[in-house]
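In the two complexes that follow, chain A is the common piece, with chain B as its partner first and chain C second.
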Partner chain A sequence: MKVTINKQNEKTLVTLEGRIDTTNADQFQHDIAPLMDDERPNIDIDCSGMTYTSSQGLRVFLLLQKSVMAHHGTMVMRNMDSRVKEVFDITGFSNIITIL
Partner chain B sequence: MIKKRFNPITDKSSEIIAFLMASPDMPNDLDLRFKIELSVEEAVENVVHYAYEGGIGWLEAGTSLDHESLVLTIELRDAGVPFNPLEKADPDVKLSADQRQVGGLGIYLCKKMMDSIEYHYEDGNNVLIMRKIVKDLKK
Partner chain C sequence: MSMKLDLHSEMILDEYRENLPVYEKLLSIVLERLRQCLNENHLRIAGLESRIKTEDSLTNKLELKGYKYKTINDITDIVGMRVITFFSDEVDVISALVEKMFEIDWDNSVDKRKMLEIDRFGYMSLHYICRIPEATYHDPDMPQLNQIRFELQMRSMLQHMWANMYHDMGYKSDVEIPKEYQRNMNRLAGMLELADEQFSRIRKEINNYRRNVQSLVASGNFNEVPLNGDTFRSYIELKPFKSLTEKIAGINQAEIYEDSLDPYYQVLLHMGMRTIGDIERIRKEYTDGAYQLALIQLAGTGLDIVASSVALQNICIVAILKQGFGEGGLVRLFAALNGENDYNVQRAQRLIEQAKKINLV
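The block that comes next holds the complex of A and B.
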């Protein structure tokens, strides 16, 4: 899993590549921790390179979404792989996270 | 059944998942493999993290494929604390982000991704059996 964070003026562009699974979910949480410090987050995540997530990854996305809401910010996820999208659909995460 | 006993299993999740996914019983189709791998990961993680309450223990993992019905069977067996993961209530997937609790999705994903899951306690062992039809995708 590779996480790239690019802060531009008012917006934070994030690119996710690879798999989020039991071996790296803690590292993933650590990598995206800076996103939870934004005062008024405006986060745009490109998921086109993300090939897999287990519940360990979902856990981190939920924490991030909760943080964004607590800071009255916004977050969108884009270009999600259809198999990964199904995981978000089944768990109801498609209803609580904006997926474009 | 192609099977292997891992002992101890502390920090062995990836090795156990890799063993199961490398089985010749597994389909080649990527959509099916995704669903199976996800279920395997969630089920194995459950045993590795919770079965032995911090202690050291074993897990036996195996696969079999019925070439007539094309039903793939994955079996996990451990001698940990008796625990039926299927008794756990499903998460409410309609709640808002504020209301959602972090965690509790693993077994739910297994139930949704596989065609059937059963659990029984036998000779002091937890036995979890997950099945998936891999029809139409094998030559």
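The block that comes next holds the complex of A and C.
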């Protein structure tokens, strides 16, 4: 699992690569923790390299989404592989997180 | 020392300077009491303003009518607060609470709302001159706190707007306005007063409507309840999808994340639901299919968190498939929920394949 964060002006671009599962979900949460301090964050997550997420990954995305809402910001996930997207669909998470 | 004031007024000004720490303390106590009281009574207000009269402002007042006051404590608006309500009828609610909290000096309090002649409109506000009763707060080091009076104004937002605009034009009472403008000012004031009344009336009617709807929904007469934003919320409060959500969560012993069902209101309208009874029908008819769908999707995945909306999501999916709306119907559902994108078609096709396996289509 590789997380790259680039801040460009008002926008924060996050690139995710690989699998998010029980073995690395804590690290993933640690990697994105700085995003939870931003006021009015504008986060754009590129998921083209993400191959899988487990429930642990979903929990981290949920945590980030809640933080973004609390800080009156926005967050979108893009370019998600259809098999990864299915995880969000069948758990109802597509209704919570904006996936483009 | 000001060159403009006489000796008596200068003495009053000195008393004011000595009392400043007491005024500050008084202001903070009253503000805290007010905020606490508003919170306890679940009252939302548009604004709470406060100020201690400045030395310049007091000097001006003493210049004009310093002879009227024996001591500084005869001036009742050194410490002033203003509660601005959203609706005019809330002024009475707030004033009733203020009467309980503080000791009111009725001889000096004014209900300017009742002072207007039948052919006059304009500045309307309720001004109470108050003290903090010793029974509720007493500081032996600052006994003056219970003696000094403060002014508490209460008015609606529209009354506040009127007062501010009037003041901004440089007038303190309507008799000063040139006659040629008086009529237009009166028309405007009348319009604001009517608007204030209408807002209060509409709010009362909406509240009554909501109460009626809640009791209708609670009574279970769903077929008589038209589907709208209010009825949908009342229905959701009954947690009609709770048991299905729990059953779905049980597939993987999953945690349930409670999310909002609000986006489904528009979806259900688009699906042709006209009453809460219509939603109840699809809930009862398609709960089993919705569970079967979740079972085929979630079993064996190890996914141990689900959003509570997944139950209604699956009911809508099954209803669309069972009613023969097929791929197009599902694409429209996903577009309504998550926006239009190419993936919706892919998702719909995958769902149809899954539905075939459990004989939903």
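Methods note: the second predicted complex is superposed on the first by the 100 of 100 C-alpha atoms of A that agree within 3 Å, B and C clash if a C-alpha of one lies under 4 Å from a C-alpha of the other, contacts with A are read in each partner's own complex, and residues count from 1 in each chain.
Just so it is clear, a contact is a pair of C-beta atoms (placed from the backbone, for glycine too) under 8 Å apart; a residue touches a chain by one contact, two chains touch by 3 or more.
Computed from a prediction, not measured in an experiment: that's the story for all the values here.
Once the two complexes are laid over each other on the shared chain, residue contacts for A:L100 go to chain C alone; chain B is not touched.
Once the two complexes are laid over each other on the shared chain, residue contacts for A:T91 go to chain B and to chain C alike.
Contacts of A:L63 after superposition on the shared chain: chain B is touched, whereas chain C is not. Of the two partner chains placed around the shared chain by superposition, chain B and chain C are both touched by A:S55.
Touch criterion not met for A:I5: it reaches neither chain B nor chain C. Annotation: chain A residues 54-55, 58-59, 62, 87, 90-92, 95-96 touch chain B in one complex and chain C in the other. Across the complex, chain C meets chain A through its residues 254, 257, 259, 263, 294, 297-298, 301-310, 313, 337-339, 341, 343, 346-347, 350. Remark: chain A residues 21-23, 52, 54-56, 58-59, 62-63, 65-66, 69, 83, 87, 90-92, 95-97 touch chain B in the complex. Here chain B touches chain A in the complex through residues 13-14, 17, 30-31, 34-35, 37-38, 41-42, 45, 91-98, 100, 102-103, 105-106, 108-109, 112-113, going by the rule given at the top. Across the complex, chain A meets chain C through its residues 54-55, 58-59, 62, 82, 85-87, 89-96, 98-100.
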